[in-house]
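Structure first, commentary second.
Think of it as A, B and C in the order they're written, each chain with its own count starting at 1.
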């Protein structure tokens, strides 16, 4: 019952987005501001995390397969595919749920508590469209780009790790990078990127937009935003994998 | 002019407004008073449409607000200005951008016209030279004034103020009250103010509506209050011993 | 801040009570999310690895082996702790931030209580005690999720189980636990630091909790790499 109530609120918030903007240029400006805060400001963390995840994957895979007669260049192939299929979209979006999601929830929660949302509403602004819609479009645009960046840097991280740890020469890793390449995997990555971006931005906005209470409730909303989007991301990750593979 | 007819609102089983009817006239400062929990805030939120009443009608100059479609309601919203209790300034924007925001959103004026209007409004609330400050950097009284400037920038016909004096010292309160009265007179606005500040009630209350437990218990002007023998109203207005003594003095005159 | 934690508590009992409260909050409160996430991570890894293997010459029972080792070495500790950084870390930062802004920390100081050791100490100790068991649960559930998904995908259960028992190296468990302790320490200290020194208002609490998530996530993957290089 409670779940149905929340789900209903979530859906009606999403439907509220679809209304003609009062002023296109103001919406565009807000959209740009969000793209900056979601996209540009997340580049450092996404980059650092992807580099190290790629490095760890390479080192640990080398360790896992050392007892097998697996050709060395396989490491390059495994790192490439793991990054593209799983690590780049899923890991990046889980990190972004922690950073961007909690940020959206606390920003909207703060606006709700201090009556800024009411103030916009009184002026006649469609707040789901202006506040949530712009965040959603910004997320759908920037997060897939961040994921591509993460995939490239993850592969680079794997390369640096194997070369620095003297596991194999650079040429062998590169040979693995070219082995068994399946363009479909890139499409898979992009599908995941869009789905996850949608989930994390709408779930976070939902929790922030509907805050009631004070500062403590803002904190709770941002925690809920992180928890629920992480769960939904992994759930849909599995569904996508099950359906498309 | 805003006519309110038999407004009722309940949350679950809890009845907050139990049928309130009154008229708020233009060019006047209309005050809504009452103890905490009397339903003032809910009443005001119903008037501006942030809450939807379960029963009743609200007529904005004859137009039935609750039975309008979304677009027509938006048109009325454009004529409403509201000053919030905590000012509700957008904290990612400067003072100037806050006041500019409604103009950017709803007008197609040139930048120069918009800036002229913004500076005019900021001057009107005696706030010059704070254009580039952020809300976090200015005092509570200044935030209220920015809030007033933002709410009048689109020339509203109706102005709602939710406890404009809360958290302000008595002197600043008086200045804000004077400012609201002047603006109301100058632009013939229908101003509706939620308050429990007795100075405001006596100073600017041309029309006072007293709410008690969801009912309208009394209405009249601030002059009538002194003569009223409504027990609940007297308990509310003359709460302290000092004021009770004052009241006795009036009675003995 | 960390040094100030090591002062003699005013009342051991109060500190113990606070530690238990935090353990409940961090551990029991995170059980569900860690459970769900581990299960699906295992499932996804199984499906995707089976797909990756389908165009090479690995025997299918390797799937169980790979899932087991990936969960133990990497996914259970790292992924769980990244999720915990988002949940517990942001929570600690916003809790302490709220206490700072609403002058509750000042109130404790005035009472003569060492607020650092009373508020931060129990959180760190509770994390160190409760996060490793969470990671162990996560590893088990991940392997189980992998099993369910593999059977769904059409790989015989016996095959998967054969892989699970294949070439088990107990040292991997040591790696997992080392990671768990290190990550728990990082998340708790970084988040408490961000929350404890908040200045400003509600908006700054939000910023502090975002910073807590960002810095602890980065440190978690950084140390993940360092531990991998040193221990493998």
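In the analysis below, a residue touches a chain if its C-beta (ideal position, glycine included) is under 8 Å from a C-beta of that chain, and two chains touch if they have at least 3 such contacts.
Since the structure is predicted, the reported quantities are computational estimates derived from the model, not experimental observations.
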Quiz item: If each chain is a node and each touching pair an edge, is that a line, ring, star, complete or other?
Solution: complete
Quiz item: What is the identifier of the chain with the smallest separation between its Cα mean and the overall Cα mean?
Solution: A
Quiz prompt | CA centroid of chain B to CA centroid of chain C, Å | solution = 50
Quiz item: How big is the gap, in whole Å, between where the Cα atoms of chain A centre and where those of chain B centre?
Solution: 43
Quiz item: Measuring from the mean C-alpha position of chain A to the mean C-alpha position of chain C, what distance in angstrom results?
Solution: 19
Self-check item: Multi-partner residues of chain B (at least 2 other chains)
Solution: 91
Practice problem: Would you give the residues of chain C that are in contact with at least 2 other chains, written as numbers and ranges? | Solution: 203
Quiz item: Using the touch rule from the top of the page, what residues of chain A touch 2 or more other chains?
Solution: 110, 114
Quiz item: What residues on chain A touch chain B, complex-wise?
Solution: 22-23, 25-26, 110-111, 114-116, 118-119, 121-125
Quiz item: Of all residues in chain C, which touch chain A in the complex?
Solution: 33, 36-37, 40-41, 43-45, 47-48, 50-52, 55-56, 66, 69-70, 73-74, 78-79, 82-83, 85-87, 89-91, 94-95, 97-98, 101-102, 149, 152, 167, 202-203, 205-206, 209-210, 213-214, 217-218, 221-222, 224-225, 228-229, 232
Practice problem: Would you mind writing out the residues of chain B in touch with chain A in their complex? | Solution: 48, 50, 74-75, 77-78, 80-82, 84-86, 88-91, 101-102, 104-106, 154, 160
Quiz item: Which part of chain B faces chain C closely enough to touch in the complex?
Solution: 91, 136
Quiz prompt | Residues of chain C defined as touching chain B within the complex | solution = 200-201, 203
